[in-house]
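In this document, chain identifiers A, B and C correspond to the written order of the chains, with residue numbering beginning at 1 in each.
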Amino acid sequence: MSTSLNKKRTIIGILSIAFLAALLIAVFKEVERQLPDYQPDPVVSAETEHCIGCHSEKGNGKVITEQWKVSKHAEVGVGCVECHKADEGDIDGFEHHGDFIATIVTPNDCGKCHKNEVEEFTHSHHADAGMILGSLDNVLAEVVEGHAAYMDGANPAAASGCGQCHGSKVELLKDDNGEVMKSDDGIILFDPKTWPNTGIGRINLDGSKGSCSACHNRHHFSVEQVRHPDNCGKCHLGPDHPQKEIYDESKHGINFYAHMDEMNMDAKPWIVGEDYIAAPTCATCHISATPDQPITHDVGDRISWTLRPPVSEKVDAAQIKKFKKLGEELPEHFLSWEQRRDNMENVCQQCHTVKYVDNFYTQYDNMVNLYNDKFGKPATELYKMAKGNGLLDGVPFNEKIEWTYFYLWHHEGRRARMGAAMMGPDYTQWHGNFEVAERFYTEFVPELKEVIEEGRHDGKIKAANETEKRLDEILNSEMHKWFLGKVSPEEAAKRKEAANKFRDRYTN
Amino acid sequence: MSTSLNKKRTIIGILSIAFLAALLIAVFKEVERQLPDYQPDPVVSAETEHCIGCHSEKGNGKVITEQWKVSKHAEVGVGCVECHKADEGDIDGFEHHGDFIATIVTPNDCGKCHKNEVEEFTHSHHADAGMILGSLDNVLAEVVEGHAAYMDGANPAAASGCGQCHGSKVELLKDDNGEVMKSDDGIILFDPKTWPNTGIGRINLDGSKGSCSACHNRHHFSVEQVRHPDNCGKCHLGPDHPQKEIYDESKHGINFYAHMDEMNMDAKPWIVGEDYIAAPTCATCHISATPDQPITHDVGDRISWTLRPPVSEKVDAAQIKKFKKLGEELPEHFLSWEQRRDNMENVCQQCHTVKYVDNFYTQYDNMVNLYNDKFGKPATELYKMAKGNGLLDGVPFNEKIEWTYFYLWHHEGRRARMGAAMMGPDYTQWHGNFEVAERFYTEFVPELKEVIEEGRHDGKIKAANETEKRLDEILNSEMHKWFLGKVSPEEAAKRKEAANKFRDRYTN
Amino acid sequence: MSTSLNKKRTIIGILSIAFLAALLIAVFKEVERQLPDYQPDPVVSAETEHCIGCHSEKGNGKVITEQWKVSKHAEVGVGCVECHKADEGDIDGFEHHGDFIATIVTPNDCGKCHKNEVEEFTHSHHADAGMILGSLDNVLAEVVEGHAAYMDGANPAAASGCGQCHGSKVELLKDDNGEVMKSDDGIILFDPKTWPNTGIGRINLDGSKGSCSACHNRHHFSVEQVRHPDNCGKCHLGPDHPQKEIYDESKHGINFYAHMDEMNMDAKPWIVGEDYIAAPTCATCHISATPDQPITHDVGDRISWTLRPPVSEKVDAAQIKKFKKLGEELPEHFLSWEQRRDNMENVCQQCHTVKYVDNFYTQYDNMVNLYNDKFGKPATELYKMAKGNGLLDGVPFNEKIEWTYFYLWHHEGRRARMGAAMMGPDYTQWHGNFEVAERFYTEFVPELKEVIEEGRHDGKIKAANETEKRLDEILNSEMHKWFLGKVSPEEAAKRKEAANKFRDRYTN
């Protein structure tokens, strides 16, 4: 019995210890992460050790080092020098305590490990965002909002505005002899007109396009952050492309913010339907993996319409036209809009039925077509006609109607289309269609009539007549004739009856 | 002594084990929830088992099943068939592998278990949101922004816009013979003009009104999500009813976002002051229980003013008028505005003193009355006069002043009133009163003068004179005469002195 | 051996218990915080005990007590009476069950413990926010949006709008004899025109300025809440100072929201780079400590430009001018703009290199100067000229151009400058520069031309000529002549070429 008792005691003892051990490990793991003095276990190469030796004492070096230490990069030994090492001959490379390094890390550098990501990115629309020279944006920043020669070409509207999303063309500071300038401690200096800049289409000194840290904030490079909808919101928000606001309004956003804790935001891999089921973020639909398709760093791979221009077209249309014109084959990575839609539908169908997705796309296509047919095409036709026949002069944005037309398609028209694309009804309606219609009927049409009158008065009779004729045709067409009061008595009666019913409703 | 020692050991052993057990359970419960492979324990009926058999493999079925498994519904055995079962004769019912089911679950279905909730909802203003036929919204979508006949009546502006909040009238796809169409696998097809739609006032095929999943997102049906302010923000945001933005600005919102973790968002029940003390959400004030009153699914039960129309009135006024006119008794669920205010004050008083709440309501009432008296009533009177006497034609939205008037009350006037209601000062002032005043003085008045001049020019002398006279009276009244420069010398002097003092202040 | 076994058992037993104890404490601490019935351990003075006796039963008293119990104040024995005790002679003091107390706690009260904080606050710009009498804001609320005499001076636009951020001048309710009114239970009553109010520059009955609870929400007084960006967003948001929105767009905001859990938001102290490294909040940059500088409650201590007025100047300029004029020494707490910039640069440099920060400030300064030089100064000069020479009358806001000018600097011009200050490119560009330019060219200039024409027509020939001449000079100057179509052929050609290149880009 004593033996038996001892045995029992021993068993209980062992079990206790086993339990305790298991428990301790579990709790330790959990608590460790939350402790302020939690020490991660980075792999530090000899060269990086050298950097950290000086830089980890105080200030930005300390913070950067700490951010890096908890990064995936640190886990696998990718440290300061592994990223910042410059190649011989790099114009922005400089000797720094024995290492030849550069301040800016470009896609060429990241691509040494992340080859696929950089390749996909490089042929994406994102990568071309920096080539805004010559676009309307450029005239806006250099002529309308600023002045090309102001402060020796500092171009502040572009430097603090456009370029911070689109990307600058990075340049070094040079002295009067054209020599690259360095600080007292030998660090090559960047032209403040062009840097700091992490615009997504930045044109780098090594010729590469883009800035990976546009999205992947240094030096954490945290996947949680990059998958968070706020991340895309650095650029995709505001009056002309409020994707962030639309997402936040949508059921997708509602579910995300309510269930953020269940999103496994730091999982690797992060596959919708497998690693998380609560909601999609921007990344889910446009970038991240589904059970059936891999991650892509070409954000256009799942987009079927371009909602950017005055008149929307399928996203591959311009490319097809261009290569046909050049007589060349389409590039290997070319995807037709149908393929891209299939890609997106596959994402949708992780949570929604095939029929639901089909019907959604019908609603969305209809909405884009409505915008195109009722406002986008007529406004564009009339605007181009007035520009072409001399009723408007050649200077952009010096006549009121130019602003009006721009708002119609670039701001309000996009909002209507994007609201429908991402199921944010307030953006489709109040920020979108309602304002498009207001802009068209209460500004564009009356301003065009004034332009016609002025033209006639200035002797441009033919141009005035031609434009007036087309405007009349459009206003008398099926969708616009209501504006002229041309409503059939039947429809008027029907609407009146409905309005009365409505009034009754609001009193019950 | 040995016995004593043994006893002690035994006691210590038992205590250890007891501690351990308690600890293990506590930790287990905590950790379990966080584990990615946490397996909930749903109660699955035989019929639902049948559904899940096929649907839980991949894609949307899998995700929906996983969402459902962690729901309260799953805990109590309410599964696929329990909700989706169709009644014989249901027009949208179809045989599906042995079950007669329907795609859309309506309030009639939910009401089988949630009787009270559905009853309350059904006589709420929310439930009527789908009857927008004949409202301004409808003219906007079908005439101004879109066109009733476009794409065979697809009505994209309503389908992707208005209807997604207000609710569509759900319809099935029919072939040329009027027969309901089915997919190859026998699933009844919905008309994409009308579905997907989870608008709160959706008119369902079974005649019921509403969509419970407008708020209670399927298939989680999570109370955390539905109590989160973002949830109401699906519709209650934007230029014409920015309740979400106002809440976010208010101290209520500030406290919520700072202390979200202490809100016990998944507690049942969830009584303010008992289960959480950090902040109220939209649900707290308008829906959820206090220690003194139950949950309500009629969101009007605590609202004393209607801030919707051009001129605000107490929320029960229209109903009283209607039933008086009909010679009928008020319905049983009728609440006077005073009762509704008492209900809301009871919510406020969970955190604020009676005096604080009284003073708040004085401020709020004053603000609504100011809007009514200074802008809402005069603008409405003048607008109706010009409509009535023929200065404006009968077509809505084809004259500039119609848009101006609409913005004044529907957008800016609501923002001013709603900002005051929910203590978001920026919405009261800069998004509200400031823009109301601007709209009235710099657009409405000059445009009305133009309309009067044109009318006179067109021979509508009497109408023009009548309208001009009334406009003059209004502009010469106490609150508006400043606009004509009619300020007493005393007041002018007082203001000048104050302005000088102000200038001094900004230099210290 | 038996002894040895016993020893072992004893050791194992003791170790087990020690482990258990340590574990229990750790887990207990963790779990305790999450339990709904977690009971903090407040220090309650006898007097406060007395208050809680009645007030903690139900309703607001219960909630306030619970909020207080988890506060730092409760931990150190600062309870109801310690804060609400009134001094003899306090006009708002009243006997309440044996204690002489006041409802409103002013900075004078808080300053008994928080001397430094109150002193710093008191000489900050924040503290003067309530003195808006005579400012434009006041004319807006009392004349334009409301009416000074409406509802016996209730001034609803100010009470629910301006004053809720700026602060009211608190007043008591008085009867016809000028006696302070009390409720039946002897509580002194506040005038609802002036309270509830927690505006930051509130003018209190004891002469003190400010309301600590403008930021430090009662009765939690939680540091998490006050460090959260939403907190500043109670006032710093919206069309005229969207700092909250700009922050949210910036990389600072993106990182904050993605890593909120790692911010140690309740740490004491809370030093950037030591206690948190993930992101800065508003508090980090403007208020909280760095390793090199202490917390400040004067939010101007790190600000070098004032972005408030029509034309920005360095933040100390007005103060220097004033004291020079008075012939007085600058006050002890005076900081030059260079000192303030050094302070902010020290914050920036916790995470960014010296060169990065230098270049950022060059970009920012350039942007402010561009706004000043191209729009702020010319518009202000022309506006003042037209006001001064009688083309515009003396009544503010009764002429369209007055609204236009106000929007240009007060709304859009601030957005452009603030966007650049905080690196929110969308606010710099689309909410800022783009709209400034639009306002200037399509509204301000044409409206000024009309004003000139009308003046000329009314016989104000000299004023009209003078203003027209200056307008012409400005429009013909380097930065504006494009608007007149005066572009050199070289530049036109260059731009055309760039535009063609652009068009090609968008088709690849």
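Brief remarks follow.
To be clear about the criterion, a contact is a pair of C-beta atoms (placed from the backbone, for glycine too) under 8 Å apart; a residue touches a chain by one contact, two chains touch by 3 or more.
These figures come from a predicted structure and were not determined experimentally.
Of all residue numbers seen at the subunit A-subunit C contact, under half occur in both copies; the interface is built from largely non-matching residues.
For the pair subunit A and subunit B, the CA-based superposition corresponds to a rotation of 120 degrees in steps of 5. For this pair, subunit A with subunit C, the centres built from the Cα atoms lie 29 Å apart. Multi-chain contact residues of subunit B, defined as those touching 2 or more other chains: 9, 16, 20, 23, 27. Of all the residues in subunit A, the ones that touch subunit B in their complex are 9, 12, 16, 19-20, 23, 26-27, 30, 248-251, 253-255, 257-259, 264, 267, 272-273, 275, 277-278, 291, 349-353, 355-356, 358-360, 362-364, 366-367, 369-370, 373-374, 419-420, 423, 425-434, 436-438, 441-442, 446, 478-479, 482-485, 487, 491-492, 495, 497-508. Residues of subunit A touching subunit C in their complex: 6, 9, 13, 16-17, 20, 23-24, 27, 31, 36, 58-60, 62-64, 66-67, 103, 128, 131-135, 138-141, 143-151, 154, 156-157, 159-165, 183, 187, 189-190, 192-193, 195-196, 198, 217, 220, 222, 224-225, 228, 230-231, 233-235, 237-240, 318-319, 321-322, 393-395, 397-398, 400, 403.
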